[in-house]
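Chain nomenclature is as follows: A, B and C, assigned in order of appearance, with residue numbering initiated at 1 for each chain independently.
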């Protein structure tokens, strides 16, 4: 039994809380559909016990170590080697320093995820502190050594139904192939992320191109060959179950180049002469090319310059753009109105810095007036921290239940419709947004 | 008796709700003062029965059809002819498709307005759905055929005291003239909107100028003649009861041109040679000219570049700028501080995308600290959907009651002052902002 | 006994209010640590009775007079002479006009501070109005004449432990020297504000430079001499107890100039030939120089261009930047993430237009997810209105108690941690942010 407060993150007002509790009760037990994230497929192929608590929870969590750093407790003091291959010299000391500074995390999502993990996954209500650090370390380390804490066992226990990884365009997806034939409780699928191949002015581009050439088994001599190779890789990913491509962009204007200009940029790239301006133009161009190739969802992460893409592809019947942003001010002013117009666009869940109780709530408040619920993607965790996946989905269900409960309490939505909406947000919309997940399309 | 929840849109917390209910109870019955909107005066001149429910509620409502479109139910599928003169081929089918997709509107203002209309105007609590679509259609169609649902009857039933329309500068206002002598329960007044005459680089400008020439009965050969004609039309509108001019602008800098430059731009316009840059400069110039002509309110709809106008006219004793924006982030940072300085400026009500329960609440939260209540315009519905006018004013009164109730509950405002403020927001401020509405100035 | 509602500004929901009341109860009695403000040290040196209520509360308060002005009650009508040396011709009339317009201040911080002062400092619950204006004037005037309302008596009664003033670089700090030997209940310390010396293109710069030359007793012939003089003045301020320098900036890019360029700009300034562009570059350069000189906190007031400074000095062990902003949209998007990374940066309290119940609450909601509580400065009042200092600190403690209470009510923070956090925000963090305030460093 979890020692966590069963009402956590539900609204404080007793009237609203009672309604929220009722709504949340209908979604709490749903399986998890994780359509975009960064867990490595190899984790389940290897299925080894997780290392100690410091290696598992502290070392890979930038949010956690960043907060310590902001208070002048740097990586060196924490005992974190720069080289990821080098094990922690003194994991217990690292853990202790973290526990001693637990107060820094008050009201942050880092604390929320960890409390959920400690309580729900490990069943402990010990509060991290200088006094409890060692006992807690022992408690967690001993649990992690048990078979029921191996990755595939947790995958089942977490009731994860689908888990999407994120993979480079040249990746051979052997991990996914092995998992496809394994007796796994979840469907683990790749996501196609070719961004590194668009960075034509960077030092690493040539190596990326070489990997792509190796993957398709031929030399790439011009832009047409490049597009062919990308198209081939997309089919390979699609056959392995991929149902989305993923792109990040911070450029302001997304616009296609004419054919000769695009070919010339690519030729300069091959000659090692592409400039930063070439790269910006090429990235913008390739986002168009990827949309043109798509009959599957494209997860984009930009807010400006969206309109040209939407005007070209926003009514395309087989395409879904899921748009994520870090700029909350764009929600009510730009994104919700766009999502409320273009059928190919859905608003992605609050993300990165906004993946918090407050951020999730502000998202609904900012966008629902104009976009409603059914132009949103449903929850996307976007995390590499496997153990935090249930915490994130659970929080999302709680915050949505609280928002819906307020609508009910204010006489703006009947309870039965709120319950149906909660189920759609938690389960149906993520499946529908990434459509091949429906049984017939697998 | 309306089947609607009498507490809808009031705060959920029982303490605050009880106070909000008391405040709202004092304003709920006030007449409606609708100082800016887009209802056509001809509606009341003709006073014909409204057509069927699909023609009345679906066809003209861009918000409603846009949401269906965002879910791939386009105008063709809805059976909406592009030509507004062509009647709906199958209104019952159109209505049915809408009812089947009622869930899309959860938590949106479209739903809020329609629920209010169904419940308060038609007295039905039937929830739109595939199952109820036909019954509901029949119920509404049969009501619409009755005399008490004709436009003038509803105008009286809605307790509308004043209704401002929006009219082009060359409009002959015959509708208003007829209404002035009719036995109407409300005062229906025009608003002067000359924007089309400032678009000097557009293809339609020449025709607009021709209409203006016809209206004043003489040729316009230069800028001075143009300004004379506009001044004459303003007097004509003023005599017909107009108490505001209305301008939209998205340009960044509002600044007057010097005389020769302005005259040269106008000469190029007459020669059919004005450029887009000419137009932008001319629009900016004309906003100054209109302010100079004014002794009546100017409703502006821009946020940037406001300062030059305010520095020139912000202390003018006979002028009121009512400023509307779609950019919520400008409320606390820019607009509230400006409104808190310049006597000629009032903050318009939350508008367009922001005309929602959440938008109205956020407006008060963002601006009241700095602008208080008395630098705001009171509620402005800005709608062309006649039947939704009571819903919009009622919601505004509820949201303001909720905001005021929180101030009371937090010990920041005594109840008697909250009640007085609610009355000012609902009734006195709109009348005062458009001052000729006071008895002596009519 | 104060007639004010003891629960004012605490959350309305009874569950949350009970928790908030408990948390606030633990911080309400703490001494006030006012680490940044604009009260004049001479006020306590002279220790004269405050003048009449109009001279004390109306004349110097721009917020108060601005609101009257926005409603066409200008300074002339209020009877406020432009020359600050000229006494009010009819203070009672000025006071009466203000009281008659008390409704304008509903829900504004001006009202909140004044209600607190009337209730808590003067013990009256008379509500300002046309009817009560004269009685209230007499009541306040008679209190102000009593010894217990003199500045030093109030300083003690307000439980102010530390009060920082803001002073020009050439100031001789004689007031501070006198106070240092006086039997004062509070530590009154200066803050070094050299901004006027960076405005090299302005007409007043030469006089500022002359003052600096007089203060150091030598001529300043080049940039090196200028930096020497500033450094000397900083040591002088530091010896007088200063623990911060204060800079305002609205420029976009803060970046150091190379040595010859900086020297050339300064030479142009000495020749009276510096341009506005020179000044912008010089201000940016000097912010770097000031950071380089610092082993003490620098209070900055800009949001853009922060990154270059942080990259250069953000990990400096002996430096603290406290960053204030007026742009609320930058909190969640920019400032909280930066404060969550750079140890030298702390987020200043909500400030100026944002120093309100709503602004304080939105600040916590926007920044805590990412920055936590311990990367904030604690409360800073930044006021020149001495009598409002307790009101501001008290409101801050109430709003923070309300925010923390919500975390407790939502099961996100145990009560004991909330109480500890409240104490840190109210008392420990301001002392820690300006570190020399700890006993050993005095």
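Note that in this section a contact is a pair of C-beta atoms (placed from the backbone, for glycine too) under 8 Å apart; a residue touches a chain by one contact, two chains touch by 3 or more.
Here the structure is a predicted model, which means the values were calculated and not measured.
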item: Copies subunit C and subunit A - interface residue numbers shared by over half, same or different; value: different
item: Fitting subunit B to subunit C on CA atoms, where both chains share a sequence, rotation angle to nearest 5 degrees; value: 120
item: Inter-chain centre distance, subunit A versus subunit C - centres from mean C-alpha coordinates, in Å; value: 42
item: In subunit C, residues with contacts to at least two other chains; value: 11, 13, 329
item: Complex interface listing, subunit C residues touching subunit B; value: 4-5, 7-14, 66-67, 69-72, 103-109, 112, 127, 326-329, 353-354, 356-359, 362
item: Residues on subunit B engaged by subunit C in the complex (per definition of touch); value: 11, 13-16, 317, 329, 332-333, 336-337, 339-343, 345, 365-366, 368-375, 406-407, 409-414, 417, 420-421
